[in-house]
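Supplied in structure tokens, the structure appears directly below.
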Amino acid sequence: MSDKKVLIVMGSDSDMSVMQKAGEILDEFGIGYDIKIASAHRAPNFLHKLIKESEESGVKVFIAGAGMAAHLAGVIASLTIKPVIGVPLGGSKLKGNDALLSTVQMPSGIPVATVAIDGSKNAAHLAVQILAIEDEDLKEKLDNFRLDQEQKIIEKNK
Amino acid sequence: MSDKKVLIVMGSDSDMSVMQKAGEILDEFGIGYDIKIASAHRAPNFLHKLIKESEESGVKVFIAGAGMAAHLAGVIASLTIKPVIGVPLGGSKLKGNDALLSTVQMPSGIPVATVAIDGSKNAAHLAVQILAIEDEDLKEKLDNFRLDQEQKIIEKNK
Amino acid sequence: MSDKKVLIVMGSDSDMSVMQKAGEILDEFGIGYDIKIASAHRAPNFLHKLIKESEESGVKVFIAGAGMAAHLAGVIASLTIKPVIGVPLGGSKLKGNDALLSTVQMPSGIPVATVAIDGSKNAAHLAVQILAIEDEDLKEKLDNFRLDQEQKIIEKNK
Amino acid sequence: MSDKKVLIVMGSDSDMSVMQKAGEILDEFGIGYDIKIASAHRAPNFLHKLIKESEESGVKVFIAGAGMAAHLAGVIASLTIKPVIGVPLGGSKLKGNDALLSTVQMPSGIPVATVAIDGSKNAAHLAVQILAIEDEDLKEKLDNFRLDQEQKIIEKNK
Amino acid sequence: MSDKKVLIVMGSDSDMSVMQKAGEILDEFGIGYDIKIASAHRAPNFLHKLIKESEESGVKVFIAGAGMAAHLAGVIASLTIKPVIGVPLGGSKLKGNDALLSTVQMPSGIPVATVAIDGSKNAAHLAVQILAIEDEDLKEKLDNFRLDQEQKIIEKNK
Amino acid sequence: MSDKKVLIVMGSDSDMSVMQKAGEILDEFGIGYDIKIASAHRAPNFLHKLIKESEESGVKVFIAGAGMAAHLAGVIASLTIKPVIGVPLGGSKLKGNDALLSTVQMPSGIPVATVAIDGSKNAAHLAVQILAIEDEDLKEKLDNFRLDQEQKIIEKNK
Amino acid sequence: MSDKKVLIVMGSDSDMSVMQKAGEILDEFGIGYDIKIASAHRAPNFLHKLIKESEESGVKVFIAGAGMAAHLAGVIASLTIKPVIGVPLGGSKLKGNDALLSTVQMPSGIPVATVAIDGSKNAAHLAVQILAIEDEDLKEKLDNFRLDQEQKIIEKNK
Amino acid sequence: MSDKKVLIVMGSDSDMSVMQKAGEILDEFGIGYDIKIASAHRAPNFLHKLIKESEESGVKVFIAGAGMAAHLAGVIASLTIKPVIGVPLGGSKLKGNDALLSTVQMPSGIPVATVAIDGSKNAAHLAVQILAIEDEDLKEKLDNFRLDQEQKIIEKNK
């Protein structure tokens, strides 16, 4: 089993600047992860293989970022029973409104946990929260992160 | 080779009342077709098999109707090089605005020929037009259909 | 510690008809849960107390359903480090478009795992997937559920 | 009792460039105010304390500016019976459409007086109008402001 | 001086069913008010006269409900320096999205305190909050209203 | 009587760059016009006087350009029985979607002839078409304009 | 020359219930008109002939009502230099939002005077206003209509 | 008969930068095509002639790109029974949302095969897929294109 608990997938390498922020948050919390480029439409077989192999190797949470008719998270969700977090990307003419609806409006039985448009950081935070349920160490890190967040705001007012 | 040139696929049997209108148009033009229920999310393997087998058996055009985060047409388009016509269905709270964007905003290389929300009839008309390119008999039927349409309007004014 | 692993919260008892479907899915998977009515706006202190006590008593995942300027899931997320799943409710004039944006567009650091408008069933499915990460029994139930889903679709085509 | 009658709160210091315009208007009318950074999500306890202490020290009107899933004004409104004016901020991908709906679509009993996207100046004008109800001096300043506004337009036409 | 502190104006008598709920809330709090039908477009002179006379007779807060291109609240705001609360009405094909934008997106200098689509109750609550700033009796009633609201929610959970 | 047949009004001098294009089209067709800055909200009395005097002096068509909650065209329409052409301006965060709905969704009895967002040129073309109904000279100019338009397109293809 | 000064055209006989209200208003003002069913898409040649013949026979204003991708008014505008008034019809899933944008967002040179969704009455009122520019009798009727409108509102308040 | 199987039409030469990408894709697949500027509104007779002559000379698929109230594809579709592919262009204030609805929401009988906003490449891909139905050589090129696409993604992950 690999120590990579999260797989970050994006539809195109042009999405890297947004999606790598998810990796940076996971790094902060000391969670192993991998980043892959895969497309539900242009590389369906590669995507199927990637998800199946990742699930078998120990990935516990998937994060998928895609724009426009963003099918990536939904297609991944159809291939695994692990939680899939969808990040609608806002690079299109419609500013991510298309990607948001394509990601969040999933039919019954195959959920995608959707975060904000370009919300790659929160995708990682959600992954951390999911993994922390059964991990006391992560739970403590999250408690500290929350205290830090509040403390920073308090200090800005001084 | 089957004589079924069009495959109509829908995400759920609750979509039948809208999608069977596509079949009725194909009947009018004497084009063989099949209707199937398949889901990109709930039955991905069945869908892959269905599309591959249909393409091999002679299907030349696919029509896919789905609502909400309507991935069905896009996923079919990723599995075949035949033209895929997408019908965004308007049964959701967002009245098909979600399905429209999820169907039409496809990335480069994998087009979906999208028609109006609940536009199943036009999906069939488009399939007929595609098949008529190399079929003089169909072409004549289309010409007559257009003449009939105009004639009906002229008569309503009398 | 209670055996209730999920807390379902809604903003008003008029939301019960939609939100109880989340409970029915959790029942199918044999997961203990509680259902509460609480409002981020009309009962902020009660909500704070409810979330803190629930977290202490062993709740691992929160599901929050609210309509209009749906702040409920976001406010719960600010009070706990457990995953919070938000269900935007579509009862308003704007058909849930308001609730969707109010639920999903969370700022960095405090994610809400958002599902479809009125997607209470998928909120429950997502909770099951999260709890199944470290629960082999649940994992098996999920695998069976997926197989059943696909089987039902295959049978509808016969 | 403090002489600060208005408290301006914003979700992040990046909102200062827009929100400080509210302060400038209050300065023009000679109304004492304070500006604070606080977050409904990242610093809920600090926010609760800030609102309670401000209300006790004599604040009569709150102005809250926030973007995306803008819960700030609504959460403040749940903590005070003073009027709360909400400024939806337009910095997100959705240009403030998300913040507008998250701010204005409040449930019965807890109103937020919402102004235009990035309408921080009008938030201050509204606060002045509210405070002027029982303040003859402010009332006169408002009358003069309106006359000046009209005069400026008349002069532009010369 | 009249004892009517609030004037409720609506664009058409077909808006009465929604707008009279504002009156009911004002009745609960013992605030005198008047209800009038007036149109910014169809009766501009009558509207000007009504607002000027109302302001002189002691009205302190205006509530205006209108649908479609809802100019009523904005036009009233141009005629008085008293706070004007706008209620966008959702009776049109666009479900109040038109009225919301027409009411809230006011230019600098002439604010309208906008509440939710069809949010006539909250318009009244906001008026009460504004009037309570300098009225200890109303303030106490508001405190009790808030406690009642929270108590009702607590009891629903029993 | 003045020879100015069209009055172009705009809500702010920042709208001049868009609205002066209407004047340029009127110049091309040799139609006398005046341009004024006036605000339905900030200068209501000046606006009333301007419209009444313009109508008396012989203005036959009004063109009004405004952004955001664009009430200008509607308020002018309430003050005259001459045709009023509304130009929704797209300078706001919502890109003119607010101004479009505020301009076009007028109640029965008080129409505004609405053109495209920032469509000041077409406002002038529409004014020319209206004035040409009873003016053979203008009619001929319009016919020539149309022929020129078509000719330019034909030549671009060479 | 015919005494029919207005031609009302609609895309389908199912639009009659909305569009005949335009005729009723024209009747009230004693303006001769004709009503026709014609489609830019299904009967393009018939439409061209209809518009050309109507213009020659003395029609001075065209009113066109259409839903969905409402091209009718724009296509008529391309065939005549008379003013064309477009009525976006709200019968589709998107409630006329599609028809509104398809009607109003015309390119430079070919304006359509657009009224509200389903605003057939106002289309007629606009036609009356256009025809009244050079018709003292109509002008007087319009003045009276406006006075009646205001009077009705004044009486409703008694 | 000409060897030009596709005609690319656009509403204005400012659309060339987007639409020429369709031509580049057709070049890649070795398909003859022509590019023309034509306007449904400004040059209706030229457009009619162009479409009729193109159809007679052997054009099998039309591609039409237009922005705003994009009637071009629909009007072409009314003049031919060949498949018409519509590309909504996103250059307007509304970012192509207007052009998308104006292109896709066609009435029954006259379909337009709509692709994504600014999706000129996919318009060409769809044309290739349509032409490949009866062309083994093209079919092989499409299969290779798909393999290349997948291969490129696989290599990006190395």
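Residue numbering begins at 1 within each chain, and the chains themselves are lettered A, B, C, D, E, F, G and H in the order written.
Note that a residue touches a chain if its C-beta (ideal position, glycine included) is under 8 Å from a C-beta of that chain, and two chains touch if they have at least 3 such contacts.
From a predicted model like this one, the values you see are computed outputs, not experimental measurements.
Student: Moving only to chains each one touches, count the minimum steps from chain B until you reach chain H.
Tutor: Graph distance in the chain contact network comes out at 1.
Student: Does the chain E and chain F pair touch with the same residues on each side or with different residues, judged by whether over half of the numbers are shared?
Tutor: same
Student: If you line up contacts by residue number, which pair in E-F, B-G or A-C shares over half of them with B-H? Let me know.
Tutor: Within E-F, B-G or A-C, the interface duplicating B-H belongs to A-C.
Student: When the C-alpha atoms of chain C and chain E are each averaged to a single point, how far apart are the two points in Å?
Tutor: 35
Student: Calculate how many whole Å lie between the centre of chain G and the centre of chain H, each centre taken as the average of the chain's C-alpha atoms.
Tutor: Centres of chain G and chain H (C-alpha means) sit 33 Å apart.
Student: Roughly how many whole angstrom separate the Cα centroids of chain B and chain E?
Tutor: Measuring from centre to centre gives 50 Å for this pair.
Student: Provide the C-alpha centroid distance between chain F and chain G, rounded to the nearest whole angstrom.
Tutor: Taking the average C-alpha coordinate of chain F and of chain G, the gap between them is 19 Å.
Student: For chain G, what residues touch not just one other chain but two or more?
Tutor: 39, 42, 44, 68-69, 92, 94-95, 97, 104-107, 109-110, 116-117, 146, 149
Student: I'd like to see which chains touch which, written out pair by pair.
Tutor: A-B, A-C, A-D, A-H, B-C, B-G, B-H, C-D, C-E, D-E, D-F, E-F, E-G, F-G, F-H, G-H
Student: State the interface residues of chain D toward chain C in the complex, per the touch definition above.
Tutor: Those residues of chain D that touch chain C are 11-12, 39-42, 44, 68-69, 71, 74-75, 77-79, 92, 94, 97-98, 101-107, 109-110, 112.
Student: Can you tell me which positions in chain G touch chain B when the two form their complex?
Tutor: That would be residues 13, 36-39, 42-46, 68-69, 92-95 of chain G.
Student: Mind pulling up the chain C residues that touch chain B in the complex?
Tutor: 90, 95-97, 116-118, 146, 149-150, 153-154, 156-157
Student: Where on chain F does chain G make contact in their complex?
Tutor: Within the complex, chain F touches chain G at residues 60-61, 81-83, 85, 100, 104-117, 119, 121-123, 125-126, 129-134, 139, 142-143, 145-146, 149.
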